[in-house]
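Both complexes below contain chain A, partnered by chain B and then by chain C.
Right after this comes the complex of A and B.
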């Protein structure tokens, strides 16, 4: 069993605004990606509108949430704070958010100056995050979550380096190396996203989904996946297909094993109550297992004709089915939990325990709204998949569906934070009642 | 006279329900009685809230669940003696 943290160090948390502003802004950047897709209606894997929209989702939504979660989760689980989180956290998040907007729209519209600004802003933000992230995860290397997060940040460095090279190509500064696109994509999804999701899940699945702990062997899966990526990349770069197949196989087996281990744990929940986050984990892990198995079949030459449509479809399952679904699901737990924890700390700090009532998690973010949004997300996922395979007008339709999906998520999360603000006002009034201002 | 122990099993609940139910049960503790909370994790955030609320607490490894937390009112000598008898045994 992977042990839970001996003690969750809530006292090491950064100010709640550090992760929260990223969590609240990210869905609207994802929605902007949907609007871009609907507006441009791109056709073909390398269409400018598609690449721009995809980067608004992967950078503006996924990476922004993951950076915010990194600042929050690493100190709580490992006790190791991220250096400069209080100041650097908001600066890095702002850079990632604005950089994603500039890069996304710059790519889609062929606006080279906007793209250039985006590249610089994003490069500075990701470089800053990589430095503090690698320092912090090195200090937290004794913890399985710390190690997985370290591998995720190291993968992000590779993703960013390749991404900057590709963006420089799009900006016309260097020749565009299309052959690096798949390497960039693989390190982004299997390295950066999957390693971070694995590391976080080792703690949050047993804690929030009330399951047994992950088996001990799962602890090595992030290393297996990233190690496989290194071998696969080396094989591709050297033009040695045998080595690339072995490396790719290791990645696919590692991801599939993780997905299956998680699905087994979820089947062993101690209370089988309906829960949106649990459903999101199930859809996400089923998608990841599908990507792993299809990837294995493709490596073995059993995938039939393949081609661009099949690649796009697999990409949709990986990005939206696996990554976006799990991040949306986790936001439904972490945003109300952080809001509640912050309120509870305020109540305790001012000696108001038992005298002031604050909302619990279920009242901060009622299940009905989350369930409605999750259904919209599943519908959007289906439409995007059809668009990837069928193309044509479905692409614009998929953009609208994604915009609605992300906007609804943002609305639900903002509503939870608004309710928490109402409770904070009640606590503040109680504090003022205990300590009335002089002369009153 | 009722048994001094009130048993509360929160081991199957997800955060933040264990903490909320523990605090609610502690607030309703009658004179002379204590709470034995069955938990799957050691509830560190609960300790600060109990201290602030005028309670005492003690934790030991459990037999049914990984942790058992005993909670009683700071001014309740009878409950404190009952907990001491259990923990001493």
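Right after this comes the complex of A and C.
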């Protein structure tokens, strides 16, 4: 056998339930974040209700989907399975989901014991994920997507370590280090989320959209951005603002270059059909470019003193405009496809091809439903942005908008899975027809 | 050193372009052009599958000793692609744009995740396993 051949086992993909349960639960955790925001109506960047709601979105929605997708996407793209996906996958997802709920509500309501439980559960789940994720991406390091995903997991380790230190501060176990909040936030968005999105996009944009490949220089951007983060963090920690500005500049330029490269590719797409996922990529990349450019101007001191409102607005564009939009766009495709593939494999396995018809992707998740949800998402994005700048009653209104946005997404995805279950019953009946139970 | 990977990857992209043209023609309800474009696309796709099933996969299995793993999954997905192509052809004959575009979307996602596995892993490994014989095997694939 030739070296590495043992890795090439596409028949050892994780069972479909591993990513699927994460994808179906995540929107409702995001909706819980909206409810929390509407219920507490926080004022100010460090208000407990805002930090709690934000973490239901970043951990409960974004991280939960990203972890589920990681188990599914890495083996498809690189041929390297994530060790223990079958057993550890569901355990890690349960830990991230429950941990997000406990941390979100614990923070918002100042419930220290709930927060303490959340901290422990999350720490165990993220540590487990980081170990298997780093092992798998190290084995996949020859692939640009594998390398970007490795940088994403390494960044998650930094995010989690700082997050746990901050949470321990909120729980009253150690002094609260507010000065670390920005470092935690930067590694979460530019390291964990952006590296993973970049790695996945190197494959999915050219292939699914039928565009030219990413230019070679774009493939090193995840390394450039994470390198910039290291320099920025070192500069800040050492109190050397010159070094911090250089590092921050590299991060901002790297993210902007990536977003622009992606927008250019999308403008050259050969598929001409209007598609919600494509529109989601466009909105997401435009948001990322905006964050990069404004971040760069802020570093140069050109707008400089916008204060807390401007920081909040920038955070909204980064979290909801860039990250949430692209993840929602991908879920529209991956959930019906996994349902379809699972059914189609059952049909093939039982020799029923040509005898049983199952619904295609558009019938599992009709484009009209996805389009409606996407419009609601754009509206919610606008309302949250206004709330970040105007504050006051807008904040509760933004919470309601977010809750509706996420709940509608969850509803659409659950409907696709319900339709697939109907088809599965038809397949099961056909299987029983060819293999009648003994005695019938 | 990457003869097979380069040729087969380029053929994937060519199939994608033909697919996009057929899809666009159906979306524009230009049925005559759609049929022409679709047949061109289906023809190249089926020939590509043959190149793999009749030449590449048997060689890969013989060289690596893996006859029950990756190629089984690849062949199963090929059958699923053929079924979708047949369904798309039927929809085209019925002038059923919704049915065609739904099957086309399904075909696209199935095929792209399939192609990723081939391009990132199976083709490079085939080139490596075949070594100096890769050009000869590629020659046999191109004859089909």
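One rule holds for everything that comes next: the second predicted complex is superposed on the first by the 428 of 440 C-alpha atoms of A that agree within 3 Å, B and C clash if a C-alpha of one lies under 4 Å from a C-alpha of the other, contacts with A are read in each partner's own complex, and residues count from 1 in each chain.
Definition applied: a residue touches a chain if its C-beta (ideal position, glycine included) is under 8 Å from a C-beta of that chain, and two chains touch if they have at least 3 such contacts.
Keep in mind it's a predicted model, so treat the numbers as computed, not measured.
K.L.:
If you stack the two complexes on chain A, which partner ends up touching A:70: first (chain B), second (chain C), both, or neither?
P.N.:
Neither partner.
K.L.:
Between chain B and chain C, whom does A:78 touch in the aligned arrangement: first, second, both, or neither?
P.N.:
second
K.L.:
Between chain B (first) and chain C (second), which does A:406 come into contact with in this model arrangement: first, second, both, or neither?
P.N.:
Once the two structures are laid over each other on A, A:406 reaches no partner at all.
K.L.:
Check whether chain B or chain C contacts more residues of chain A in the superposed model.
P.N.:
Looking at chain B versus chain C, the one contacting more residues of chain A is C.
K.L.:
Could you tell me if A:271 is touching chain B, chain C, both of them or neither one (first, second, both, neither)?
P.N.:
both
K.L.:
For A:340, select first, second, both or neither according to whether it touches chain B, chain C, the two together, or no partner.
P.N.:
Both partners, chain B and chain C.
K.L.:
Contacts for A:143 in the overlay, against chain B (first) and chain C (second): which applies, first, second, both or neither?
P.N.:
second
K.L.:
Is A:203 touching anything from chain B or chain C once the two structures are fitted on A? First, second, both or neither.
P.N.:
The answer is second: A:203 touches chain C but not chain B.
K.L.:
When the two structures are overlaid on chain A, which partner does A:351 contact: first (chain B), second (chain C), both, or neither?
P.N.:
first
K.L.:
Would you tell me the residues on chain A in contact with chain B in one complex that are also in contact with chain C in the other?
P.N.:
4, 7-8, 10, 207-208, 210, 270-271, 337, 340-341, 344, 348, 353-354, 360-361
K.L.:
Within their complex, state which residues of chain A touch chain B.
P.N.:
Residue positions touching the partner: 4, 7-8, 10, 207-210, 270-271, 337, 340-341, 344, 348, 351, 353-354, 360-361.
K.L.:
Please output the residues of chain B touching chain A within their complex, sorted ascending.
P.N.:
Listed in rising order, the residues of chain B that touch chain A are 11-17, 19-20, 23, 27, 40-42, 44-45, 48-49, 52-53.
K.L.:
Touching residues of chain A toward chain C in the complex: what are they?
P.N.:
1-2, 4-5, 7-11, 76-79, 143, 203-204, 207-208, 210, 270-273, 333, 337, 340-341, 344-345, 348, 353-354, 360-363
K.L.:
Would you tell me which residues of chain C are touching chain A in their complex?
P.N.:
Per the touch definition, chain C meets chain A at residues 16-17, 19-21, 23-24, 27, 63-66, 69-70, 72-74, 76, 79-80, 83-84, 87, 98-99, 101-103, 105-106, 108-110, 112-113, 115-117, 120-122, 125, 128-129.
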